[in-house]
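Okay, so chain A shows up in both of these, paired with chain B first and chain C after.
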Partner chain A sequence: MSAASTNRETKNTFRLLAPGVVWMILFLVAPIMMIVYVSFWTQTTFSINSTLTLDSWRNFFASEAYVGALWTTIRLWLIVLTLTFVIGYPAALYVGLLVKSKTVSTVLLVLCVIPFWTSFLIRVLAWRPMLGKEGAINIILQKFGLIDTPIEVLLFSELSVIIGMTQIYVVFMVGPIAFMLGRIDRNIIEAARDLGAGFGRIFWKIIFPLSLPGVVVGAIFVSVMVLGEFATSGALSGRKVNLLGNIIVTQVGSLKWAMASVVGVILTILLGIVVAGFLRIVDLKREI
Partner chain B sequence: MESKVLKPILAVYVGFFILFLYGPFIVLGILSFQQGPEGGPQFPIIEWSTYWYRHLFGLTPPSRIAPLPVGEALVRSLTLAFMTMVTATILGVMAAQAFRKRFRGAGVVFYLIVLGMMVPGVLTGLGTSLLANNVIGIERHWWSTAFLAHVVYTFPFAFLVMLAILNRFDGSVEEASWSLGVSPITTFRKVTFPLIFPGVLSAMLFAFTLSFDEFPRTLFASGRDQTLPLAIYGTFSVEIHPNIFAFGVMTTLFSFALLAVYGILMGLSVRRAKKMAMQEDIA
Partner chain C sequence: MTQSDPIFRLEGVTRRYGNLTALEGIDFVAEDNSYIALLGPSGSGKTSLLRVIAGFETPDEGRIWFQGRDITDVPAHERGIGFVFQNFALFPHLTVFENIAFGLRNGATKVSDAEITDRVRESIDMVGLSGLEDRNPDQISGGQKQRVALARTLVMQPKLVLLDEPLGALDANLRERMQMELRAIRERLDVTFLHVTGSETEALAMGDRVAVLDAGRIVQYGTPDAIYDSPSISDVALFLNRFNLFEGTLKNGIFEGAFGAVPVASARTNETDVYAIRYDRTQIFDTDSSYLPGPALPVRYLASEYLGSSIIFLFETADHKTVEVDHHLSLGEPRDLIVGKNYILSWDPAQAIVFGKEITR
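Moving on to the complex of A and B:
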């Protein structure tokens, strides 16, 4: 290949990439840099100016409510992550590995995805008539005589937020795991069985390790979404559960841009640590 | 073999799992047929009626419950989703096309693009509004700042879909066209594009639906004029009525209609490709 044609090719690649890359730098990287920058701005009651200060950062760590929101976010994230894994893995195991027919497996996956065609907010809201004091779950439990008085803690509590988030995000765990399980060479399992391995042994020695990249990808999806959440906690907890996202929304609502930015930076750092941590478990580039 | 026991148990489990996914929506669907305007958003159903659907379209006599402010919001959301779809798909096709050749810095560019779908909306939304509001000092609108943020979010999806399609793409047909002296632009239009059209269609579907339903970015980055998700969110803080449930059912039906259009277009393009292949065989 001549130098001229290589040169033209480079130019061509550059032309194709430039619009997208410029867009991302201007409207994704720059805004995130802005959050870091503004977190050091001086906030007064009615305005904000660009004199640099650490005040907002000090206020964050001095406030019990804000630091509490950080811990609530971490706690809810850990609970929802665990639940999506525990609830999602068996479903993925069935869909991705145990179902012999490709068609049935596809149909089941499509069934899991269909709810995503309903607006996210409507899906959150749908939990209200489900969990309320006169909601479906309480009515069913009472009909079967399992409880006498309706369980009130179901709605507008941390529990309702956990239930709502688990249901909304569990599919993001099932998808990647089922995908990895589907790629396992059945002959390996067959061979292990012929050599006398029981299902438990096959599962822990073969199936689970091979599905681990799927678990990691699913965990990253779920973590990123749960950590950045505010709508579910807002709608299902009756403002009782405040996540970092909720703090950002209320701070922006009262034009406290500097504090909102501090929370934004903390959220970014938290996300960075979590994602980097998961990526250490498996080398995704090698696996996929 | 223990999987003889395990398989039926897991089959039942998956049944419950799907019920868990659908349960709330089934309840919501049932309650959307609650009697109105006295019937509340809970059980029991006083009397089955389509009151709340008529209420949604303004076909009921005025009552104390205000109709959902969805009319204009719907138009805005559709416009925004359309703008986002066109921009994100063009950027996605271009970037994926560039990735067919090896180049220096490919890894960095890849992660830069994918970052757009990984960063939580609350952060991109906050950043965009900071940039517009405090640094540049412009007003935020759904068609300006929110549009920019929507493309940041949907462009990576379009890019990944196109990347997957182009990975399986046989480049020799293009080379044949080039060697026959056809210009690269005409080659793209006449040869490459028809072949990657199913992928383009999927990228468009992704971009449109993601933008149409986008909430956190829009909340921060758009001005006072609400899009549809913002209008729905606005009803959260006040008392909810079954009209929002009826609305949920309607939007779901709309999504399915969109999916059907996608399915039909996909079927047509596959059939056309088959027809063309047959003609080639005859020739």
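Moving on to the complex of A and C:
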């Protein structure tokens, strides 16, 4: 290749990359730098100025409520992640592998997505008449005489937040896993059977490893959304459950930009660690 | 063990998909320690038959016997029958070594790690894959994948190996080499290979015996030369792709076709009246030739095809049917033919095979 054509190719590469790079700098890199910067600003009750200080950071780690919210966020994230996996994997296994017809499996996947045609808020709030003290579940259980007094812990508790989040996010686990399972060549499952492996062995040695990239993608989707959540906990916990997202909302509401930035930075770091951790499990580049 | 002990036996095996009957009452007995080629055109049910024997599908009717045991209701992973897939079906996330070790590691019987290593190494040597143990399937060539698939099956020491068009995905050179290797490997191992193929040359070259499958039935089973020399029905002659077939009518020992009326000494039972003469038994004469060995078929010369050891001449009859003549170059230089000119094809009537509704003795 001549020097001139190499030069032209490099030029073309830059031209093609430029719009994306500009966009990312303007709307991703710059805002993140800004948040990090603001988190070190000095906050007084009614105003904020750019004198650098560690006060907001100290306040965050000194406050039991804030650090507690960090742990609550991590705990709820782990619980919801586990539940979406435990509920989502068998569903994906059915849709992606056990259903033989491609049409049926597409129809089933679309059925999983249909709830998303209603707004997020309605989906969350719909849990209230379901879980409430005089909600559907309590009424049914009482009608059948299984309980005498309504179960109060169903709504406005951590449980209701977990139920709500799991229902909303489980589909993000089902989709990628079902996709990966659908790509598995049926012949290799038959080959494993022919070599004497029973279903359990085939699942653990062939099917599960081959679906792992789907699990990782699903887990990243769920993690990113759950860690940044504030609406579900706001609507279903009765303000009893405070996540990092809820703190950001209240801090911004009372114009405490510096503290909101601190929480934002912590959340971003947490997300970075989680996503990087998941990507270590599989080499996604090989799958694409 | 003697050659004639059956390794597996099919009794009236029938398989239907909805209204479509893929296999229709197949009875078949396969000798132990032999190479059986199963020849059939696409859609004849050959893959269905293999899948039924392997246990991936259950027959709607009939029984399957393997080593003297009825295995019709035994699940695939307990049958101990090897299967080599056309697309190789290697486990993409496992190395060559682990692909081959899979059956030993995950089968019902526990095999020690030391034995696994020994047996896998032995199979790797046998199929000539030494040095590639740690590669992944996407890092090896098509021919090497084929060998891994074969080693993975053979390491389990099955008595019967089913091969579903195993050479179909390979290029021509490799195919010929693998043909010889497959035969050599089988002979060393005292195992029966049932090799499904749509290629008549492959079936005739590889099988100790050839079974011809047509529309869900086995229409002929015998040695390659028996099938080649005396196809049982006209469809077999058609699949062999070595015969000029002429339709006509057979009546009172006389066959009437495009080449006139010919007396017929014997005919085989068939659904239609068909007159067959091998490509290499058909001879070319000028239109004014004074001597003809038998019937005279007027044709027009179209083209020739050079095959190295022989030349195929293509002719067209008056009713636009293509007729082939295979001239072996060992029999001397072929004559020069002029494209578009008329010639007469003739043959020794004793070498023709006649199929008919009417049986003549």
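We adopt the following convention: the second predicted complex is superposed on the first by the 265 of 288 C-alpha atoms of A that agree within 3 Å, B and C clash if a C-alpha of one lies under 4 Å from a C-alpha of the other, contacts with A are read in each partner's own complex, and residues count from 1 in each chain.
Here, a residue touches a chain if its C-beta (ideal position, glycine included) is under 8 Å from a C-beta of that chain, and two chains touch if they have at least 3 such contacts.
Predicted model only: the values in this text are computed from it and were never measured.
Chemist: Quick one: on chain A, after the overlay, do chain B and chain C clash, or do they fit? Just give me the call.
Modeler: They fit side by side.
Chemist: Per the overlay, which chain contacts more chain A residues, chain B or chain C?
Modeler: It is B that touches the greater number of chain A residues.
Chemist: Taking the superposition on A as described, I'd like to know which of chain B and chain C A:L28 touches: first, second, both or neither.
Modeler: Touch partner of A:L28: chain B, not chain C.
Chemist: Which of the two partners, first being chain B and second being chain C, lies in contact with A:I188: first, second, both, or neither?
Modeler: After superposing on A, A:I188 lies in contact with chain C but is clear of chain B.
Chemist: Mind working out whether A:G198 is in touch with chain B, chain C, both or neither, as first, second, both or neither?
Modeler: Both partners.
Chemist: So, A:V80: does it touch chain B (first), chain C (second), both, or neither?
Modeler: In the superposition, A:V80 contacts neither chain B nor chain C.
Chemist: Scan A:I206 for contacts with chain B and chain C and give back first, second, both or neither.
Modeler: After superposing on A, A:I206 lies in contact with chain C but is clear of chain B.
Chemist: For A:G132 in the superposed arrangement: first (chain B), second (chain C), both or neither?
Modeler: The answer is first: A:G132 touches chain B but not chain C.
Chemist: Quick one: classify A:L16 as touching chain B (first), chain C (second), both or neither.
Modeler: First partner only.
Chemist: Just to confirm the geometry: in the superposition, how small does the C-alpha gap between chain B and chain C get, in angstrom?
Modeler: Minimum over all C-alpha pairs: 6 Å.
Chemist: Starting from the residues of chain A touching chain B, keep only those that also touch chain C in the other complex, and list them.
Modeler: Residues 193, 198, which sit in both footprints.
Chemist: Spell out the part of chain A that touches chain C in their complex, as residue ranges.
Modeler: Within the complex, chain A contacts chain C at residues 185, 187-188, 190-198, 201-202, 205-206, 209-210.
Chemist: So in the complex, the part of chain B that touches chain A is made up of which residues?
Modeler: 1-3, 6-7, 10-11, 13-14, 17-18, 20-25, 27-28, 31, 41-44, 91-92, 94-95, 97-98, 101, 103, 109, 112-113, 115-116, 118-124, 126-131, 133-135, 148-149, 151-152, 155, 159, 209, 213, 215-216, 219-220, 228-229, 232-233, 236, 240, 244-245, 247-248, 251-252, 255-256, 259
Chemist: Would you pull the chain C residues touching chain A in the complex into a rising list?
Modeler: Chain C residues touching chain A: 54-56, 75-78, 80-83, 85, 87, 89-93, 102-103, 106-108, 149, 152-153, 156.
Chemist: Please name which positions on chain A make contact with chain B in the complex.
Modeler: Per the stated touch rule, the residues are 9-10, 12-13, 16-17, 19-21, 23-25, 27-35, 38, 48, 87, 90-91, 93-95, 98, 108, 111-112, 115, 117-123, 125-130, 132, 134-136, 139, 167, 170-171, 193, 198-200, 224-225, 227-231, 234-235, 245, 248-249, 252, 257, 260-261, 264, 267-268, 271, 275.
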